[in-house]
Amino acid sequence: MIVVMKKDATPDQISHAVERVEALGLKSHVIEGTERTVIAAIGDKREEMKEALESGAGVSEVVPILAPYKVASREVKPEPTMVTAGSLQVGAGMLGVIAGPCSVESEEQIVRTAHAVKAAGATALRGGAFKPRTSPYSFQGMKEEGLKLMALAREETGLALVTEVMSTDDVDLVSDYADVLQVGARNMQNYRLLEAVGKSHRAVLLKRGASATMDELLLAAEYILNEGNPNVMLCERGIRTFEGHTRFTLPLASVPYLHQKTHLPVVIDPSHGTGHTYLVPDMAAAAVAAGADGLILEVHPDPETALSDGYQSLNFEQFAATMEKCRKVAEAVGLQIHAAEAVAAGR
Amino acid sequence: MIVVMKKDATPDQISHAVERVEALGLKSHVIEGTERTVIAAIGDKREEMKEALESGAGVSEVVPILAPYKVASREVKPEPTMVTAGSLQVGAGMLGVIAGPCSVESEEQIVRTAHAVKAAGATALRGGAFKPRTSPYSFQGMKEEGLKLMALAREETGLALVTEVMSTDDVDLVSDYADVLQVGARNMQNYRLLEAVGKSHRAVLLKRGASATMDELLLAAEYILNEGNPNVMLCERGIRTFEGHTRFTLPLASVPYLHQKTHLPVVIDPSHGTGHTYLVPDMAAAAVAAGADGLILEVHPDPETALSDGYQSLNFEQFAATMEKCRKVAEAVGLQIHAAEAVAAGR
Amino acid sequence: MIVVMKKDATPDQISHAVERVEALGLKSHVIEGTERTVIAAIGDKREEMKEALESGAGVSEVVPILAPYKVASREVKPEPTMVTAGSLQVGAGMLGVIAGPCSVESEEQIVRTAHAVKAAGATALRGGAFKPRTSPYSFQGMKEEGLKLMALAREETGLALVTEVMSTDDVDLVSDYADVLQVGARNMQNYRLLEAVGKSHRAVLLKRGASATMDELLLAAEYILNEGNPNVMLCERGIRTFEGHTRFTLPLASVPYLHQKTHLPVVIDPSHGTGHTYLVPDMAAAAVAAGADGLILEVHPDPETALSDGYQSLNFEQFAATMEKCRKVAEAVGLQIHAAEAVAAGR
Amino acid sequence: MIVVMKKDATPDQISHAVERVEALGLKSHVIEGTERTVIAAIGDKREEMKEALESGAGVSEVVPILAPYKVASREVKPEPTMVTAGSLQVGAGMLGVIAGPCSVESEEQIVRTAHAVKAAGATALRGGAFKPRTSPYSFQGMKEEGLKLMALAREETGLALVTEVMSTDDVDLVSDYADVLQVGARNMQNYRLLEAVGKSHRAVLLKRGASATMDELLLAAEYILNEGNPNVMLCERGIRTFEGHTRFTLPLASVPYLHQKTHLPVVIDPSHGTGHTYLVPDMAAAAVAAGADGLILEVHPDPETALSDGYQSLNFEQFAATMEKCRKVAEAVGLQIHAAEAVAAGR
């Protein structure tokens, strides 16, 4: 940590800051610049120290040098992590594709979709049973009934199941059915939930909060890893910016950035990341070109009648075309992706 | 709702959109403009309808006309709501001031602070016992022990207690001690938690999420109101923007905006909203001038040794001076605020 | 400057970085931390050095210690600057109020407005003659004819004139009429224009760009100061964020922040900062409470028929009421503000 | 346009709004909803009308239906525009690649770079002679001397020249040397400059401002098109958001979005869009996968000694590898891109 003193800091204030550094168990190293004094604090271990030093008299700012996350860091584990959950493999060169409806609505809907997305090359089925909705008056999901229908779809297709868990109360129940527990963007900093999924034996798909920094995302992952669960996939699904023509702004630079900072795989969600069906195929292809380890896509048999997110869902034909495009791009950049099965089979 | 068709929408697509509108139980009204056709959908009740119509062929966009929240709306209840919880009154012309440390750290710390803030005019005591921390390695709060210490401070000073609840699991426990349950910014869209505090008999301070829109904030309040709890205070604590010189950007226009849209009182948090002690007094005064119904301020006997948020905490002298300034501004704009007791008493 | 090396930086990379630091004329100071090496570069003078060092092999990041602006800095000139231009005084405890229409539209409009705002206590008249408009199809201003009408209004009322200059070509012409040259938000980084107004003998009102950082704003001011013109007022008029319910987000914390960093006065524009007439009075009062040195407000005899910005303009009654409120708040926080003249006079 | 009345709007206010609509030359169409009245205004032509109607008594909001730009609109010209300038072809399936240093620094630097980027497949040379710099103390470019050196590099390689013009004063001079005039992000709303380049006979590369909306970008293009210059390329170079780990946030969804709204080609700038050399290759490939019509990339013989932007520049090897990757992705998505010449030639 570097403690930057104000220009007019007095010798007493500098001495005091040095004492504070040392009281925190760090070694101090005073450097007198031409205009200011800075104190290097060596051996920094904890985030709180930054806070503690910042409020000292005469201190201008405190600059942390070490990343605050540890287990998630690529410095700790240089080789990339592959997360495997049933039919789904994500990371270390394997491109996993998770597809399915925003909400499970009926047996017919989820089973047909499972067949169709498998036929086009998806390696896992997504579907919402517990739905976090902005409005209390919106459809809240089929709950356990929805999980049962998803399990049925898995039986028929062999696809691993990815579904959201909204509350610590539901972790056990959802774990009974799902292969991957999704933590939604709105719960990225619901630390109790992170701890609970960290204690479960299921892989976790952790979505970035709409205004979370990369450090906050990695520290949220750290909450899960810290409980002993190493199977964490990070998911970039767009951030909130001034842009209004897309639902969120999808920053694909997150992929190479995260690949440098962490060994965890990175999944991209172009459906939420754009919020418009017509933007999804190009952004899915772009995500693959950027080196994404996985995609999560909303697919619905008839988006116009979907109970949620129809405006950003692909129909079966659009999904198959998107997969075709992504497959070519994956080959171009050297990523492995599952081949589509005979289309006839799944429809 | 207004369904805007694309310029090149075919008559079939327009008919289809009209059918969809009517299938949703709305009356349709087609208006042919010079360049486009729009369809007014009359009688709109539900948010999902927007989604449903947006994915139709030939549809360019769907513009909602009605606000999505109801119970929170000023159109439903024109007179402002005053929330009362023990010594705290907020709204309808009464300016409540909640002050105290970020985290409860010891009996001495919380009791001394309670006396000091009461002496300077605070009407409630804040303090964190369950702390949501970005890093799993940071101090996580004293938990129930902290609540007990807060209750002791209430016994001594009579100040109402405001403290955060992070999880549905803790709502009962925290309700046993607190007068006001705080839902933190990171949990603003933790809908299970909103439902749980909605079922409790305690007043709720609902903090705006760092990237939540006003509609999302009001819909989060709606989750609580919808469970039968009318005692909701909204809290603006800053949003995340490109600005890096403050911890968050504190948009005080939220005060008059919310006052127009909702009857619920609006509390401002200049401590989190700026992240720097030296900015807090002026922003507290500005909040009062903007018509805020309450303030929540971090105060610590010795910010430099605080276990969290020291860099944005006021010490006792700074808090007393801030209250003095706010009191004058409150008078200038016609708000009622408690008089400070004899300063000697509390120190 | 602090050069932070990567964790796995080799001794060669560290030596190389040290050489680079010294090649730039700085003294280097190597500090070996428990996990990383950092190099303090002492004597830093220029912004480019940061860039130059950042691209070195093994370098993780470079942290500047000194602010990049100089003449604008409070460290260089501790006492606050008061800018005076005719009837307008802004800064060092004097609160100036600039009011008038977005665009000059007619003699009657600008003269009536000048009388009305003067009567209510404004100390300068704003009005646009050269208008930067988002669309080429929007009204572009009356150009020189508008300047002449403003001059007429000054003759009648004695109010100083504040008007925008959009191009280097117009600086001489506009300087012939105006007392204060306004550089608009869209031109905040039009460096040629900054240099041109820096060479003029008129005071300058420099508006913050909608996505400019504080450092960028101060460096833009530095372009003007650097040409020898010391009469610069900074104007916060709102930033672009994800918020859509206001036209921009108005961060009043800019006032105390800038007061700490610079001696230049800070003017707030609640009209553009909110974009809605009904939000302007409360935000004007809040700006005064935050310690603003000036206000700039859009006022129009009949906002509904204004050729631009009617939706955020005050009419005469609203302006008078706003001034009344601001005057009380100014007194409460110890700022001086002109008394309103007899209202009858100006209408 | 749709004029949405407030819930409690009186019949008089509604009549007044109707009169206002008709006074603006529009046909009105009143629709009484279950909770509110809306007025459809048919025949809307001008942006100002929205503003004019918004300030009416009882009006809640005004929703525009038509896009504000015209000549740039795909509705006006459905087929994509290809911009050609010397060796550069951008749009309509042709992927142009503009590469070169941030600043021209010396003959050797620019000529070597021109050879190297041509050898790797670039079709135009970028280089800054007039540099807009945040700080007045930073290197401001070699001015005309730099243009002459670029012309020399064109003579040797045949590459078209792309360079920035910062001021109306310089348009003629820069047009004498350059094939493409670049309008930088900071000048996107410098309307005088847009008009001036619109009157020139050179193609224009118009960079999106860091906080410009898509409509604002297209209206800026409209300023140029409106002067009779049809050769406009739009350039997405990243927006300013809360993200601090990249210099800007690069939203690639701009590519398919703009392709739907406008016939103008879209160029992506991954160098400014990320601000870090190591992120550039993946984002360049992603841009191509998203369907970009062009790339603009910073390349320098020795980024570490560059006078500007070294931290985001590629060296020759990195550029060649990036081109190799982009070429494969372009093939995968069906875009045409120039073949690299023998690498030996250019080094």
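Per-chain numbering from 1; labels A, B, C and D assigned in written order.
Here is the rule we go by: contacts are C-beta pairs under 8 Å (C-beta built on N, C-alpha and C of every residue); 3 or more make two chains touch, one makes a residue touch a chain.
Keep in mind that what you see is a predicted model, and the values were worked out from it rather than measured.
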Remotest chain, chain A as reference, centres from CA atoms: C
In terms of C-beta pairs in contact, which of A-C and C-D ranks higher? C-D
Rounded to the nearest Å, the gap separating the Cα centres of chain A and chain C is 39
Whole-Å separation of chain centres (CA-atom averages), chain B against chain C: 30
Averaged-CA centre spacing for the pair chain D and chain C, given as whole angstrom: 27
When you check chain A against every other chain, which residues touch at least two of them? 211, 239-242, 244
Contacts from chain D onto chain C in the complex sit at residues 20, 46-48, 51-52, 54-57, 68-70, 132-139, 166-169, 186-187, 189-192, 209-211, 215-216, 219, 222-223, 226, 239-240, 277, 303-311, 313
Write out the stretch or stretches of chain B touching chain C in their complex. 211, 213-214, 239, 241-246, 249-253, 255-257, 260, 273-274, 278-279, 282-283, 285-291, 325, 328-329, 331-333
Provide the residue numbers of chain B that touch chain D in the complex, in ascending order. 2, 4, 7-8, 29, 31-36, 38, 40, 42-44, 63, 65-66, 75, 240-242, 244
